[in-house]
Every structure is written in C-alpha cells, then in structure tokens.
Amino acid sequence: MENAWLIPLFPLLSFLFLLLFGKKLKEASAYVGILLTLASLVYSVIVLVGRLTNDTYKAEADWLQIGNLQLTVGFEVNQLNALMLVIVSLVSFLVHTYSKGYMHGDERFPVFYAYLGLFTFAMLGLVLSPNLLQTYIFWELVGVGSFLLIGFYFHKDSAKAAAKKAFIMTRIGDVGLLIGMILLFWQTGSFEYDEIFASVQAGEVSGTMITLTSILIFVGAVGKSGQFPLHTWLPDAMEGPTPVSALIHAATMVAAGVYLVATMFPVFAASETAMATVAIVGAVTAIFAATIGLTQTDIKRVLAYSTVSQLGYMMLALGAAGYVAGVFHLMTHAFFKALLFLAAGSVIHAVHTQDIEKMGGLWKRLKFTAPLFLIGTLAISGVPLLSGFFSKDEILIAAWANGNYVLFWLAVIAAFFTAFYMFRLFFMVFTGKPRSEYKNVHESPASMTGPMVVLGILAVISGYVNTPWFGTFLGDWLVEGNEALGHGHIEGPAWIMIVATLVSLAGIYLAYLMYMKRSLAQDWFTSRAPTVYSIVNNKYFIDEIYQSTIVYATKAVSLFLRFIELFLVEGLVKSVTGIVQGLGKLGAKLQNGQVQAYGTVAFVGLAVLMLIFALTGGYL
Amino acid sequence: MDLETLLSFDWGLMAPEFIILIATVILTLLDLFLPKKVDRKLLGWLGFASVLLAIAALTGLLDNPLGSILHDTFRLDAFAKAFKLLLLVGSALVLLLAIDYESKEGLTEYRGEFYYLFLTGLLGAMIMSSSGDLITLFVGLETLSISSYILAGLRKKNLKSNESAMKYVINGSISTAITLFGMSYLYGITGSTNLKEMSDMLMSISDSQHIYLLGLAFFMVFVGLSFKLASVPFHMWAPDVYEGAATPVTAFLSVVSKIAGFVILIRVMVSIFASVPMEDGTTPMLFALQDFIGFLAAVTMILGNVVALRQRNIKRMFAYSSIAHAGYLLVAFTAMSYVMFDSIWFYMLAYVFMNLGAFAIIQLVTMKTGSEDISEFAGLYRRSPILAVTMGVFILSLAGIPGTAGFIGKLNIFLGALMVNPSHYVLASIMIGATVISYFYYFGILSQVFFRPTATGEETKVKVPVGTTVVIILCAAATILFGVMPQLAFDFLQTNFEQFIDFMG
Amino acid sequence: MNSYYLSLLVFSPLLGIVLLALMPKSNEKGLKMLGVLATLPATILALLAYFSYLGGKDLASFSEQVNWMRFSDFSAIHANLFTVKYELGIDGFSLLMIVLTSVLATLAAIASLHIKNEWKGYYMLFLLLEIGMLGVFTAQNLILFFIFFEITLIPMFFLIGKWGYFNKEKAAYSFLIYNGLGSAILLIVIMVLFAKTGTTNIETLKVLVNGGEGQTLAAMSESLKMGLFIALLIAFGVKLPIFPLHSWMLRVHVEAPPSIVMLHSGILLKIGAFGLIRFGMGIFPEQFETLAVLIAILGVINLLYGAFLAFIQTDFKMVLAYSSISHMGIVLIGLGASNEAGVQGAIFQVVSHGLISALLFFLVSVLYERVQTTQMNELGGFAKSMPIASGFLLAGAMASLGLPGMSGFVSEFMAFLGLFKEMPILAAIGALGIIMTAVYLLRAVLSITYGQANREYAGIRDLRSFEWAPVLVLIGLIILIGVYPAVLSQPLENIVLGIGG
Amino acid sequence: MNGVPISAFLALALILFCIGLYGALTKRNTIIVLISIELMLNAVNINLVTFSKFGMVPSITGQIFTVFVIAVAAAEVAVGIAILLSLYRNRRTVNTDEMNTLKN
C-alpha cells in the first residue's frame, strides 16, 4: 500500500510513451496501453486486498508553500478509494483491450490510446487524492481527458461542439467545487479530508457555512455526474468513440461526482439542507432522465440518459444517508453500464449506425453480443438476482428509511421507466425483423467480446458482495471505523423489494407488449398526449432554454461590453486626441501670417497679465 | 576718464569678447579686400578659429574669482562664465554648419557678411551675459538683435527670407520698446541702471504705488524679453522667421539667441525683482509672481507642442518645438529652486547639442532639394543608416527619452519644480503631459526616417561634408555622453561655478 | 559588495548589438544566427544566478553600486542627498523575472527567424529591448528603473512600427502615447518622491515614506501619499493594462510581429505588475491596504471584461489580446487580496502568463507564417494538417484556462484563494471569469484546430526544426511550474512573508 | 519748470507709447509701422529723461541711457528699412498685410 502512488503512474507512462513514440508504433500502441493498465489493475487488486486487512494508509509531501501556509500532495488508501481503484483500473483495462478491436484501422489509433492513458491516470489520481485540492486537480484533468476523447473525431462539427459543451458545462460545476473548497479551506485551515472532517465534527464551522460549502461542492458533483440541470453535456458526449463512453461516461468519470459526495460525506451529513438538496437533485434527475430515455432512438443516447438517471439514483442514495447504497450502486452500475456500452459498441461496430429504428433482428447475427446485452439490460432493470437489483433495492430502502417518501416513489417510478426503456431498446435492436439492409454484419473480434464477457459476469455476480440475504460484506467494510458514514446496512420493510421487483417486471412486460408482441400500439401514448411527448422527446427543451437564456445573455453582455469598448474607451481616447488636435488647429489658425497680429497677441497678453496683476494685487 | 584709469581695469576679463571683436573686424576687412574669387569659406574657418580661441580664453578665466570692470557694468561671475561657454560652444557648432551650407539661391554671395554678422551677434550675446548694467545689457541685446535681423534676411532674393526678416524686425522692435519702457520705470524708481545698486535700492521699498509700478515694469520687461525666448505671448514670430531664414541662421536663432534671451531674463529678473519686497514684506516680488510665469510657461509648452503637431515643414516644426523647449526652461525659472541655475544650464547644454545636431541633419537633407517638407526625411534610414540613427538620437533627446542628455535635463527641471515648497505639481504635470504630446511629432519625424520608403524610390547615398560630420558626431556623442554620464557636466558645474553664489555679489 | 555580475548580465546583449552593427546587412543567416546567440549570455548568466541561489548563495551578494549622478551639491546637509547611484540588485521576485525575461528573449529571438526583412535593425533593436527589460528588474532605484523602463519603449516603437502588420504605425503610436503617458505619470511620482526625500533608492524610500528612521526633507502628507499611490496605480495600470487603459495593448497584440508580442505580452505587461508589487506595495503599503478593495474590483472587472470581449472576437490574435487583459485581472485580484496567498498568486500569474502567452503567440507566428491569416472563420481543421502544432495550441489554451498540472492553475488558484479570504463575494463574481475563460479559449482554439478546413491550404507543414525549441521549452516550463511550483515559490518566500496579515 | 508735475511727463510718455503701439499694430504701411516704433522708443526716452531729472533719485545715467536708445533705434530702423527695400524688390509692396506667405 505504501506504493499505491504507482498505480496512476502506469497509465501516465503509457500516455507519455505513446505521445512520443505512438506514431512509430502504430497499432502496436494498444499493447503498451493494455499492459500498463493491466499493471495498474494488478496493483490495485493488491492494494485492495491489502486494505481489507490493514488500516487506512496516508502519505503526503510538501507541494506549495504560500507564506506560512503549506499545501501538500500525497495519497491515501481507504475503503472507498481502494474499491474505486479496482473498479477504475478494471474497467479501464477492459476498455483498453476492447478498443484494440473497436478502433482498428483508425489513423489516430495511437493518439486514442494516449488519451485513454491520460484519462486513466487522472481518474486513478483523483481516486487516490487525500485532499480536496488534489482532488480538484485530478478532477479537472479527467475533464480534459474526457474532452479530448469526446472530440476525438475532431473533424466532425458535432464532436467539436460536444467536446466544448462537455468541458464548459463541467467547468461550471468545477467552479462551484473550487469556491466551496476554498471557503472550506479558510474555515478549517486545511484541504486535507481528515482535517476538514475533524474540524467539522468539532463544530468549528458554522452551520450555514457547512451548508453553503457542501452545496457548492455538490455543484461540482452535479456538473461532473451530469445531474440536473447540468446534465445536457452527457448525452452529447456520446459523440466520442463508444469505448470512451463506456469508460468515461458510464463507469468512471461521471461517477466521480458521486465519489466526491461520498468522500465528503461527513461534511454533507452535517447539514440537513445539503443532504436534502443532494437527495432531491438525485431523485429529480433520476426520473427526469428516465422519461427522456423513453423517447430516444439513438442507442447510445438511450444509454446516456439511463446513465444520468442511474447517477441520480446514487445521489439520491447519498442524500438519503445511504452511503453504502450509493457506493454499492456506483460499483454495480460501473459494471453493467460499461457492459451495455461495450455491447452497444459491438452492435454499432457491426451495423454502422446508432439509430435503433434502423436496427432489429440482430439476436441471431450477434451471438455473443446479444446475450451479454440482455444481461446488462436485466441488471439495470433491477430484475432479481442480478447486481442491479440488490443495489437499487438498497437505495430504495435508504430513501424510505430516511423518510423521503416522495423521493422514494419518484425512484420507484423511475425504476419502472428504466425497465421499460431498456427493454424497448433491447427489443428494438435484437428482435423482430431487420428494418434496413445490412451488409457484412459480423460478430466482433475476441478482443471486444472478451471484455464484454468479463463485465457480463461481473454484472451478474457483483451484487452478491452486499445482499440482505447473504450478508452485507461490502457495506460493513466500507463504514468500518467511521461512524459518520452511517451503517453498513439499513433495514427496511420487506415489501420494498417486492415492489421494486414488480415494477421492473411491469416495465419489461409493457415493453414486451409494445415492441416484441406489438399487441399494444407503439404510439399508444404518443397519440394521446402529443404535447407531453414532444416536450419529452425534445429533452424538455433544456438545451434550447440554455441557448436562449444563458448563451444569449452571455452574447448580450459581450456585445454590451463591446459597445462600451467602442464608445466609452475608444471615445475617451478619441476625445482626448480630438482636443489636442483641436487646440493645435486653433493655435495654427491664430498664426495667420500677419505680422501685426503677432504684436497684438503679445500686447494683449501683456495687458491681460497686467490687468490680472492689478486685480489680484488689489491695486485697482 | 583718463588713460590711467582705463589701463587700470583688468581687461583680461573681457578677453573672449575682444577675441570675437577683433575677429569680426578682421573678417569684415578681409571680406572687403579679398578678391571675389577667393572662397569665403576661409572666413568661416577663421571665424570658427576665433570662437575656439575665445573658448580657450574663457576656459583660462574659469578659475578667476568674481571680477568686474568699467564700474561694474561688465562683470565676470560664475553665471556669465557658465553661459558664455554655452554661447560659444553653440556658435562654434553653428559656424561649422554654416560653412557647409549651400542652398540653391545660395548664401554664397553674402557668405562673408554672414560670418561677421554672426560674430557680432555672438558678441552681443556675450556682452549680455556679462553685463551688470541695464545700459550694457540693452546694448548687448540690440547688438544681437540687429545682427540677427540682417542674418534672417540675408538671402536677399528669397521672398520668404525677406518676409521673415521684416516680421522679425517689426516684432523685435516692438519688444525692444516694451522692454525699454519697463526698464525706464525701473530706472525711475531706483535712479540707477546698475543692477547691483538697483537691487540695493529696491530692498527698502515699501510704497505700494511703487510696488505696483514695479509690478507693471516686471510684466513689461518679461513680455519684452519673452520675444527673445520665443515664449508666450511673444512667440509668434518664431515659426515664420525660422522657416524663412537660412538653416544655419535658424540654428543660430533657436540656440544662441534663445540662450542669450534666458541669460538676460535671469540676469534682470533675479537681480532686480528678487529684491523687491511685496507688501507683506517677506516674499520677494519674483516669487509672488511665480504663478504668472508658471502660467505663461504652461501655455508656452502646451501651445508649442500642440501646434507643432500640425506642421509639415520641418523647420517650422522645430520652431514650435523650440517654443516648447523655452516653456520647459521657464518651468525651471518659475520654480526658482536651489538647483535653478544648474538645471537651466544643463538643459541648455543638452539643448545646444541635440538641437544643433538635429539642425545639422535637417540642413543636410533639405539642402539638396530645397524642400523642407518632412517627407524629405522618408527613407533616410535606407539611404544612410548612420545619419538616421544619429537623427534618432537627437530626436529622442529632444523628446526627453532616457539615455540622452535631454532626459537628464528634464529630470533636473522636475526636481527643481518639485523640491521647492510649495511644490509646483501642476506645472510639473503639464510639462510632462506636454512632453508626451511632443512624442507625436517627434516620432512622426522618426517614422518618416525609419518606416517610410523614399518618395522617389531611389536610394542615393547622402554626402556629408566635413564640418557637418564633425557637428553631427560631436553632438551625438555629447547627447549620449551627458545622458549616460551627466555627472561629467555636473562636476564641471559644481567645481567651477560653486553654485553661482557670486551672482548677487 | 560590487560583483558586476548583474551589470554583465543586463548589458550582455550589448555585445550582440555591436557585433551586429559590424555585419553586412544582407547576410541573413549570419545576422539571424548572431541575433539568437547574442541573447544566450544573458540566459546563461540568469540561469546560473538562479541555480546558485538554489545552491544557497545570498542574493544580496549580487548587488552592486557605483556613484552616478548628483543633482547640485547638498553635501553640506547630507552626503547622499539628491544623489542617484547606479545600483543593481535582485531579490527573489526580480530573480524570477530575470530568468523569465532572458529565457523568453532567447525563445523570441528564435521565433524571430520568421522575420522577413531588415534583420540587422530588427535584432539590434530586439537586443536593446532585452537590455531594457533586464534592467527594469534589476534597478535598485527609481530613476534607474525609469530609465530602463523607457529604454524598452523606444525599441518597441520601432519593432512594432517597422515589422508589424497592416496597421502597424497606428499601433506603434498608440503604444507610444499610452505608455508615454503612463511613464510620464510614473516620472512625476518618482520625482516627487525624489524631491521630497532626496533619494530614489527603493529600500531607503520604503523606510522614509513610511515614517521610519531618518527623515524626509519635506513632510509628506497622507493625501500626498495617497495621490502618489493612485498615480502609480494609473502609471502601471497603463502597462498592465487595467480597464479602461487597455486599448493600446489590443492594437499592439494584433499588429506587432508575434515574436515581439511574445516579449510584449510575456514581459512588458508584467513590468506593470512588477512595479505595483515592488513600489506600490513596497513604498505605499498603507495606501495599498486602503485601496485593496478597489484594486480587487478592478481585477474582477478586468477579468470579466476581457473574458466577455474575447468571447466575441473573430481574430485569434484579438482573442489572445483580450485574454491577456483578462489574465492580468487575476494579477490584480491577487494583489487586491493583499495577503500572502494573493500576492504569491499574483507573482505566479505574472510568470505563468508570461510563459503561456509567449507559447500561444509563438504558435500564432507559426500559423501565420503558413497561412497568412489569423481570422478564425478562415481557419479550421488544423489538427489534421498540423497535428503537433495544434496539439501544442490546445495545450497552451488549456494552460491558459487554468488546467491543473500547468502553471496557470497554480496562480489562478492562489489568487482566488487569497481573495476568498478577504472578499468572498467579489471573488465569487470573479470566479465567473474562470468559466468564461474556458468558453472563449475553447471557442477560439477549437475553431482553428477542430472541424473542417474552411479553405484549402496547400502544402502546410507541421512544426519544423527550430520551431520545436520554443514550444518545448515553454510547455516544459509551464508544466514544471504546474507540477512543482516550488521552483517559483522558493525564491519568493521572503517576499511574500509579512505581506498583509 | 517746477510747475509741471512729474506725472504729466510720465503721462505724456505713456500716451506717446500707446500711440506708437497703436500705429505699429494697425498701420498697413511698413514705413509708418517703423515710424510708430520710433515713437514708442521716444516715449521711453521721455521717461528716462524725466526720471533722470525729476525722479526720486535723479541721476545722469538716465540721459546716457537715452543716448544709447537713440543710437540703437536709429540702427534698428536703418536695418528695418534695408530689409523693407529688399522685400519691396521681390514683392513690390510695403503693405504689412501682404507679407503673409509664411503662416500657420
């Protein structure tokens, strides 16, 4: 564990190496990336195993001296980040492997691997950070990694726009985080998590300040995790290559917001308002994104909205004091969502389109992909015995136990929607008849299916580390030695599990009726409430609202300032030079060439002087 | 006055004046009797030699203590020595320029006249700086004036030259009359024309009517003398005369004549009006009226620089620039600080070199085509980089950019204006603001020199005659030297002139 | 006491000037080579000084002093009254600035290889400019400072006016007049101080003006001090530049040759910050404290004003120009905080922005050399034809928008850290600027590098031979500072300590 | 003589000076301008002589000064006329308002 800092360095090495030599290596670059992330993975597992038996380890070194202040950098291995290390490095490793097949033939292949390395480095660094400042540093770096990968197909204008949007939207959140963390620093005198917690628990920080700072920090999480209202970048981010969506926009980076709230949990827990905010935003996002997911026809966008929705679940869990539930869902979601994305990638790889309305009947053609996709869909829908079932159940229980009944029912409805739109997706892609002519539909190579299989297995079994039936190992371990995080397992009424199961099955059945059996017209709802449909289909017009308010306002301010620039600033300059020039003109005009005028000027000057002298001297 | 008394005077004190006088006489005779075909440049060189000789003689006198002859009408104090030196150095340089001056209409035929009139003008200026009596002062002033009137009109067939000389005479005479009218009151109240005696008399004045009259006299003298300085309100002749006169004459007017003007101004004002007590009995009149001088200085600076912005004729532009410089010097005079003499002297020293250097190049550039438009300077950098760079040095110095003597000079004036109590913040600010305005036209010349291509496109090399070369090199070297190592000049001042304490002695 | 090391450092480019003067003006290669080489001695000496400082050498041992000027003779009152010495010296801050200056000068000299004509005059002026800049940071008294300050003015005027783009002369004039006014005001302040105290030595003034031991010749009232400080703020505000004194700087950024803008934006603007910290804070600490809020507000205005206007520009150079205004706002924010974090942030920003803007303008130079335009609507898709240059451009933009791991972040962070302690609400408003910075930089950089080429640019080559050096050195330094800020903070320790509090 | 007060002389001088000044500043003919200037100088002379006789501190220097002024004035006018002559040769006019090639 003392050498845990090496973990992020492997991918960094990969990044630098590929940056320098990528051009020569061509597609062999993949091996560099894969091997180095494998190293990270192995080491992460070692660290996790070590952490299971040992205490938290923390090391730090001086970084920046500001007068008497000393800022440090270092790393910490605690339960949460040991777990995250494994999740991140595992998914990253799998994505690295998968990309070898998926990106085959791309002329910027080495660059892609370099960017993946950079991102993985940043994400692992983020996880290891023992203080807010360092977290912020890596927080921004993962943003850059994400930005670069979203804009990987830079020649596409949509990719360019998506990359820009992702960066700017998350940066809005980042500023919140920055402000929150600086305020917290001046309150507690430190960026170190343990010191901040100690200070908060000792009551050194006023209640309002805690609320304020934790909400500001939560704004950072909102930006990064695509929560409402800063969620719009995440669906657009699907412009990036699909493995990237799996890695960054499903499993790791977007979960960083949840991770941040989890890490800062003791501070949040100290403020009821902050907790309520987190919970409400989470629940609203969950249902909000789920409804949009119902209408989307782009395979990746559906998954993207489902990601937003699931992240909302996690936030809800954390806000409802379900620390374990949130982290647990974070883990299971990482696996099944990565699986879904990779599988979707495999589909896209095969049919070269992302529009599900053009797909159909792929079950037979994609022998590996289809069942794996089904596993993922079942898991996310909360079908019993798969991982998603257990974690979602935990969240619902936490929400109920915390007394947030409204939010609880929202979450339940969201779960219904989730099941519905995920199966809608599944049925439309894999069943029925092909809706367009495909040429050369073929199963993906082993480098792509391999990782999917691994994730498929995890999507099934990873739930069993924390079940009400066999024991809450994960939960107990996570909160061990830290009472501020709450209990390892929250007891809730048994009917919740039944409701959850029924709801998800109902969703699946409805989708079955509509899209498989087609006994229910697909436009049954659409035709009855066209306005609602149109609002939802247009993602509640959020983008348009932003466009016509914030973007417009920014432009307006800019134009107004340009007006100031032109008329006030330049006008000032012009008027000054005008005065000088005018004086010059006047002086030159006076110089009319008449010799007697010259004498007159002199005489008048003399007379005026004498007059003033006489007047001021009191002689007249 | 018998011969014995006459011989008892220490005529050695007047050695420089005598040298110039004798040279004048010799030149006059030579010009008369030498056959026409003998190149009159010879006279120029002779005149130059005489000025050098006078400088040598003056240097020999530097160590002399305060001395006066002819019943204190001629005094050789530190002030006289210091400024005479400037006059002589300036004249020597102008003479060198004049020797090389050849214009289309030609000064050739009157070249001889030029040299000896020039020397008489110089003589007048020297007498002014040494005089201790209103009469000698006046005679010196007029010797200078009348010589310069003729010099300005020397190009007899040139209309501009005629016109400028005429304007010069008329304005000059009016100014003389005004000065004299003021002086007559001064004489009336004190009953003497000797500056020292007048000063002694004035100390005890208390009648407010007399003080009022003195105040009026003050303004008349000041305005009359401001003609020589070319400062507001008697500045308007300058642009016309500078433009119309031949370049060496312009150089003479802008340097030697201006220095002489300041010399006489300081001599009269400080000797006389610093002794007049105002009614409160403590502040001398000169200090009480500072605001008026300050106001005139401010107007002079602003006007000179602002109108210069519009000029296309280089000599006219320099006329306005010289008006502005007079304003700067008046700031030092206004402040009446402990360092006034030093700062004025140093500024003039710098001014001699930078202005004459610039005129040397102006003469070179304008001589050939006869046009004095600043576009003549276009492409100078291509034609002759070295000339262009030296022109750059002079212009920068005139603009007061560090590294040049002009900057140190301005620094000195600021210091003076700000070290007195109450400090002249406003005046100093105006001065510095005016300096910034001056950047416009000074750098306008530079942008012609460096940025623009020649109008015709041809890049003929500029031929530089010997005399001009010497002037340019000397001026450039001095401008930079005194800009980088001003202590050389300061030391010279401090060791030889001891703070000018004998000014009133 | 007298080591002459600094004199040697400051005036080392003089050797180059002399040698260049002797070279024939048609020898392009030789002139360029010599021009670049002539900047090296200063760089080497500066780096040597830096490392010997790290090695434990006392900076005081670098100072030197020679009698220079003495206005009139006041020896009867005090031997040093109204004397001006030639005195050079460095502290941690100026050491950093010297290193920055000399390094950037070398890089800009390399970038100047793109210059197309009159290399001789160009490099001579360039080296003169370098002398001025080095001198400004080493001068130990105000008059010497002023002299060097003005020495930078003149070569800049010619460099802009002769080697600039279309509207070069207007830009040169604009530069000259604004800066002339700024330095005029500065000169008034200097001379008032000189006249009132009889000295211009900075250290002595710090004591005298604040009523320490020794006495001034004439008493300085509080209102006079405040007036002087405000004048100083305006004087350096022109240079920095502070809104609304900035319009000259836009023209310079757009019209001057990019290699010169590297120096201009990299060093010359920083003289304003240097002056404010050194003189404003040093000599008038109380007045600074009083006006700190105003300075911070000005900083926020600068930050936002620059950012918003950068957002709607169509010329990439204009974007960078407004971005400079915006980034100088951060310096002011740091200063306005006037606590340790803020001031250190400001100083960091000075250095960091110097490197970043130099990098960006070098890339502009590279770009312009190839396509003869910087209008963003004519550009696009350069990530395809010039992937490396585009990559660096993106990296530069990232550094500029404060990406952690690069120098811009450290400075921005510290400046805001400082301001949040003193004026949290103002700081929060200022934080909007962080978002806007990202917005306009990405808009600009992406429109150049990403998307499709709007026009066919034939035969565009990526970075070649000599163009690598500046890019690598700059990005290396940017990352070095971002990752290991102690390289800067260590020399600043003594300066920052004791500020505010 | 005692009957005439000093102020009368001074007033006369002042009036004369003003007349001269007025003439010098308004007359078109240059010759008249020059003569007007002579008037001004003569006003000075009256002042000087008056003061030398009736001043508070009477002394002979005033009269000496007058002699110098007369001499110098003569020289000045002579030069003025000479210049006017050459101007007349070129321009065929003696009017001041036509001397305006140099301006602004």
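For reference, chains read A, B, C and D in written order, and residue numbers begin at 1 within each chain.
Convention: a residue touches a chain if its C-beta (ideal position, glycine included) is under 8 Å from a C-beta of that chain, and two chains touch if they have at least 3 such contacts.
Just so it is clear, the model here is predicted, and its values are computed rather than measured.
Comparing chain pairs A-B and A-D by the number of C-beta pairs in contact, the larger count belongs to A-B. Inter-chain spacing, taken between the CA centroids of subunit A and subunit B, is 78 Å. Chain geometry summary: the mean Cα position of subunit A and that of subunit D are 96 Å apart.
The mean-CA centres of subunit B and subunit D are about 26 angstrom from one another, to the nearest whole unit. Annotation: 64 Å between the Cα-based centres of subunit C and subunit D. Shown for subunit A are the residues in touch with two or more other chains, namely 588, 591, 593, 595-596, 599, 603. Residue positions 166-167, 170, 174, 178, 239-240, 310 of subunit B each touch two or more of the other chains. Interfaces, counted as pairs of touching chains, are A-B, A-C, A-D, B-C, B-D. Taken together, the subunit B residues at the contact with subunit C in this complex read 338-339, 342, 381, 385, 396, 401-403, 407-408, 411-412, 414-415, 418-419, 421, 423, 425, 428-429, 432-433, 435-436, 439-440, 443, 446-447, 450-451, 485-487, 490, 494, 499.
Subunit C makes touch with subunit B in their complex at residues 67-73, 82, 121, 143, 146-151, 153-154, 157-158, 161-162, 168-169, 172-173, 176-177, 180-181, 184-185, 187-188, 191-192, 194-196, 217-218. Those residues of subunit C whose C-beta lies close enough to touch subunit A in the complex are 243-244, 246-247, 305, 308-309, 311-312, 339-341, 344, 381, 383-384, 398, 403-405, 409-410, 413-414, 416-417, 420-421, 424, 427-428, 431-432, 434-436, 438-439, 442-443, 446, 449-452, 484-486, 489-490, 493, 496-497, 499. On the subunit D side of its complex with subunit B, the touching residues are 13, 17, 20-21, 24-25, 30, 33-34, 37, 40-41, 43-44, 47-48, 50-52, 55-59, 61-62, 64-65, 68-69, 72, 75-77, 79-80, 82-84, 86-87, 89-91, 96, 99, 101-104.
Within the complex, the subunit A residues that touch subunit B are 580-581, 583-585, 587-588, 590-591, 593, 595-599, 601-606, 609-610, 612-614, 617, 619.
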